[in-house]
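After this come two complexes, each holding chain A, first together with chain B and then together with chain C.
And now, the complex of A and B:
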């Protein structure tokens, strides 16, 4: 009875977005289920069925997500007047989930026999709209084996608390910086020359907004699933604590990273390396070549997955550059004669790596947020001081900063185009506190997951002790107080902004 | 601690917080307990005035509504003795209301109330087509039947409610005489302009806001475009009244002559202002609505700038005594008291009326040279883009 009930709940949830979208999801499920079966049964045409499945899924995404761009590409033939469709909720997520399923079938995994089970696996309501991207042998299996016995007050309480944390991240933390980021990017898109401080405030605000928004949604999804007795995979693990860009991708949108790694990067890397070894002039660099090619294609697709605009593609390529830089740096460090002990790095080295990674990622997010390349360049220009730095008159006088310092333009007392209605000081304090939350506090996984083996720094351990979660989360008066405050601050009056990743 | 006790504790704390919100009532919806120095000043209303008005008009179920901008909101008290026979009266005045919005708020009041009469204060700036809707206008709320959740939402604890409760208690404690947001929708000018000590500076500031052409700011006279669309909205407004058998009494509000006379003249909008009066009179007469004009250069609007002033808080907002006078003039014209001012407009007398205003202006220019020079200097400064002088914005209110 549980599977039909959960499926009904999922259908109800999805129907809430649109009947048409539900029909699109249903057709996608039916097609993928049949193709999955064919892949499993057929020996001769296994590969063809897989290609057909991938083609159909990519077609679904293209039809609804990239119509504008495709019609734009063919505009030289004539004006086709192709109407763009509105984006079905979670189409990128459920299409990738199903493509993963088809790949697994191709690799010989056991197929899902019942359509009802498969439908629930794809449309499971906590994850269908914004992930995490799930796998049949993990979540699908859990859903099939779910019994009433698995419902218990411990799971419900834990799930509810994680859901509260996720909501708190979204409603209180993400939306509080969203206004700041929106103001700055609105100015940038309107070609206003903002100064360096404003640009950095906007860029950092957006980095924080995106993290709290998306990780908040993931926590809500995982918390909801826990309440039902299902363990969804964790999607975030303090990405801004990453010490390099590869580490960042191990912590950010983990389910997508894993998917791309398993189904795109690894096959390309392995395939190229294998082939290149047999070609004399490529054999020496076959490993590096496979890595570079795999990274390039993977990150290009990653950018494209988020949207078919030049900015998203360039965002993916920006990360390619960062990953390449990281690879060459590691190769440089590994040269004979150069001493490097990556395991025993000083905390100063760790923090500077962390900061460098955060700054790089923040630079890349500019492409993600701006509507065109020109706006992104304007924003970067402002961030590196091309439009002048902001500094208060009192500060300048006190510290004797030379006015009209060659190369720098200083604005005094107030900005010529005051973007912010709040005081700069209040905004800076707000951002600083949020950065402390991001860099110093344990994340939801470290707090709530008793089964997860999470490596914790000494500082996180101390914090964990304070919050009585050093041996895993347990209900306590401290947590009753924290969760009560969260609950009270959550039921907001104003409209809550839509989750950012609903757009992908 | 056990899991069950934890969940019960969480639910209990949540309900406790709802109860506290209900009792302290920072938005003034419930008004069950009102204690001086604790919650008499409903500070939460300040930032969400449009929301509060839309909910309150549903809760209070008035028969008569007073509509208009902040001039009506702050200047006309529904407790006025003349209005008592039309009770219950609710002041539905909304700051910076535009004619386009007014239509929707009227529909909203009809859907959620029992409206028999509308007294609507018209302002020249309402017909500026550069801003059709105030950014705070909520199209998902206004114009539909209110439900239980709409009523409950503001008392649900949230970060806004927590901040508004704190502000309510804080202002109630430090300014115990202040009661700015009353249950009948009225916002007494004495509480809005609490501890006003320099009337002249406040006049300066208001005129600056209205005459400035700052593109970032709300458009008033400094940036003004009038088109047929705005008058169409006005027609729609009157049609809604007619369809619903609602008596409609219109009046053009009496802002100070320095603003709605000289300010309009300086910004080159005099002809547009006259067209505005001609058009609204024509439309009102066609739709069988009564229309009065209290603006122009009469003994109220030409009050000289001094400290304190008898009739005005600033150049835009008249005091309650003027609101009372207007209500008496419109609702009991048979009294025909010489102290009254205002003219009932018809298609026949509109041109004569406009001519009289032009003549009154000539007289005003001769007899009030100090004030006229003052507004000319202010406008010259705006044209020179020098920004508002800092000293004009300091110490307007006593600390």
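And now, the complex of A and C:
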């Protein structure tokens, strides 16, 4: 009875967004379920059925996400008057979930026999709208095997706590910086020349907003699923603590990066490496060639997944450059005769790496937030001081520094046209506290996940002990206080929250 | 039990000298086994043994010993055909 009940709940959740979108989801489920069976049963046409399935799923995404771009491409043969369709809730996520299912069928996984089980797997309400992207042999299997005996008050309490943490991150933390980011980017898009301080405040605010927004939503989804007795995969693992860009992609939107790795990067890498090994002048570098080609295509598609604008594609390519730079740097460090002790890096080296990675990622996020490349260039120019490095008037007067003298290529400037509605002190405190959270505090997974083998630094272990989670999360008076504070904050917050990743 | 054949394939692909692969070794404990070299190692194993190691099965492996078991399983299946 649980599967039909959960399916009914998922259908109700999705119908709430739109009956039309629910019909689109239903058609997608029916088509993919049928194709999955065909792939599994067919020997001669397995590959053809897989291609057909991928084509249909990509077609669904293109129809609703990329209509403007496609109609623009065909505009040379006349006016088509194709309207942009509203984006069905979660179409990128459930399409990718189903494409993963088809790939797994192609590689020999047993198909789901019952349509009702498959429908629940795809439409499961905690994850259908914004992920995580799930797999049938993990979450699908859990859903099929779920019984009432698995409900217990401990899981419900733990799930509710994680849900509350997610809501707090999304509604309070993300939104506390959203306004700051919006003010800066509004100025940039309007071609107002902002100084370096304003630019960095905006850029860092957006980096924080995006993280708290999306990771907050993922916590809500995982917490809600826990309350039902289902374990969804974790989607974030303190990405801004990453020591290089490859480490970043192991920590940010993990379900998407795993999907791209399993179904795009590895197959391309494998195909190229196998072919190149038989070609004499390519065989020695077959591994490197496969890696570079796989990375390029993967990150290009990653950018495209987020949107079909030039900015998103360039964002993906920006990360290609960062990954290539990291790879070549590692190859340089590993040269024979060059001593390196990468396993025993000093604290200073680790924090320098983290800062460099955070700065690189923040530069890339500018493409995500700006409406066009011109605005992104304006923002980058401001960040590197092209419109003036910020300096306070008092400091300049004290040290005799000339300000507002654009005669030089790089000059100093004060806040002559403050673009923030909040005071600079309030902004500084806000950003400082949030940076403390992302760089120093344990993340949701480290706090809440009792089954995860989470490596914990000494500092995180001390924090865990303070919050009584050193042996795994348990209800306690400390957590009663924390949850009460979070609830009061949420109830008294008077702004409407925006979910950034619903746009994908 | 990790065979000497598998060990020599891994050592050759990674260009290691005087490295001993322990029976409980994991991929990330072997110097140079990362995303750059992972596929090269898998392709080398497939070519050496004449088998196919599907990606979804390789991803579930936790250590080299389990990789050896997967190779043995594919070899048995190949001999049974």
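The rule is short, and it goes like this: the second predicted complex is superposed on the first by the 483 of 504 C-alpha atoms of A that agree within 3 Å, B and C clash if a C-alpha of one lies under 4 Å from a C-alpha of the other, contacts with A are read in each partner's own complex, and residues count from 1 in each chain.
Throughout what follows, contacts are C-beta pairs under 8 Å (C-beta built on N, C-alpha and C of every residue); 3 or more make two chains touch, one makes a residue touch a chain.
Values in this document were obtained by computation on a predicted structure and should not be read as measured data.
When both complexes are superposed on chain A, chain B and chain C end up sitting side by side without clashing.
In the superposition on chain A, contact of A:108 is made with chain C only, not with chain B. When the shared chain is aligned, chain B comes close enough to touch A:154, but chain C does not. When the shared chain is aligned, chain B comes close enough to touch A:488, but chain C does not. In the superposed model, A:345 lies in contact with neither chain B nor chain C. Between the Cα centres of chain B and chain C, as seen from that of chain A, there is an angle of 170°, stated in steps of 10. Once the two complexes are overlaid on the shared chain, A:172 sits against chain B while remaining clear of chain C. Contacts of A:267 after superposition: chain C is touched, whereas chain B is not reached. In the superposed model, A:480 makes contact with chain B only, not with chain C. By the touch criterion stated above, A:291 is placed in contact with chain C alone, chain B being left untouched.
Contacts of A:277 after superposition on the shared chain: chain C is touched, whereas chain B is not. Least inter-chain distance for chain B and chain C in the combined superposition, rounded to the nearest angstrom, is 35, based on C-alpha atoms.
Against chain C, in their complex, chain A makes its touches with residues 104, 107-109, 246, 262, 266-267, 269-270, 273-274, 277, 286-288, 290-291, 327, 334. By the touch criterion stated above, chain C contacts chain A in their complex at residues 32, 35-37, 39-40, 42-43, 47, 54-57, 59. Across the complex, chain A is touched by residues 1-7, 9-10, 13-14, 17, 48, 140, 153-154, 156-162 of chain B.
Only residues 153-154, 156-157, 160, 172, 474-477, 479-480, 483-484, 487-495 of chain A touch chain B when the two sit together in their complex.
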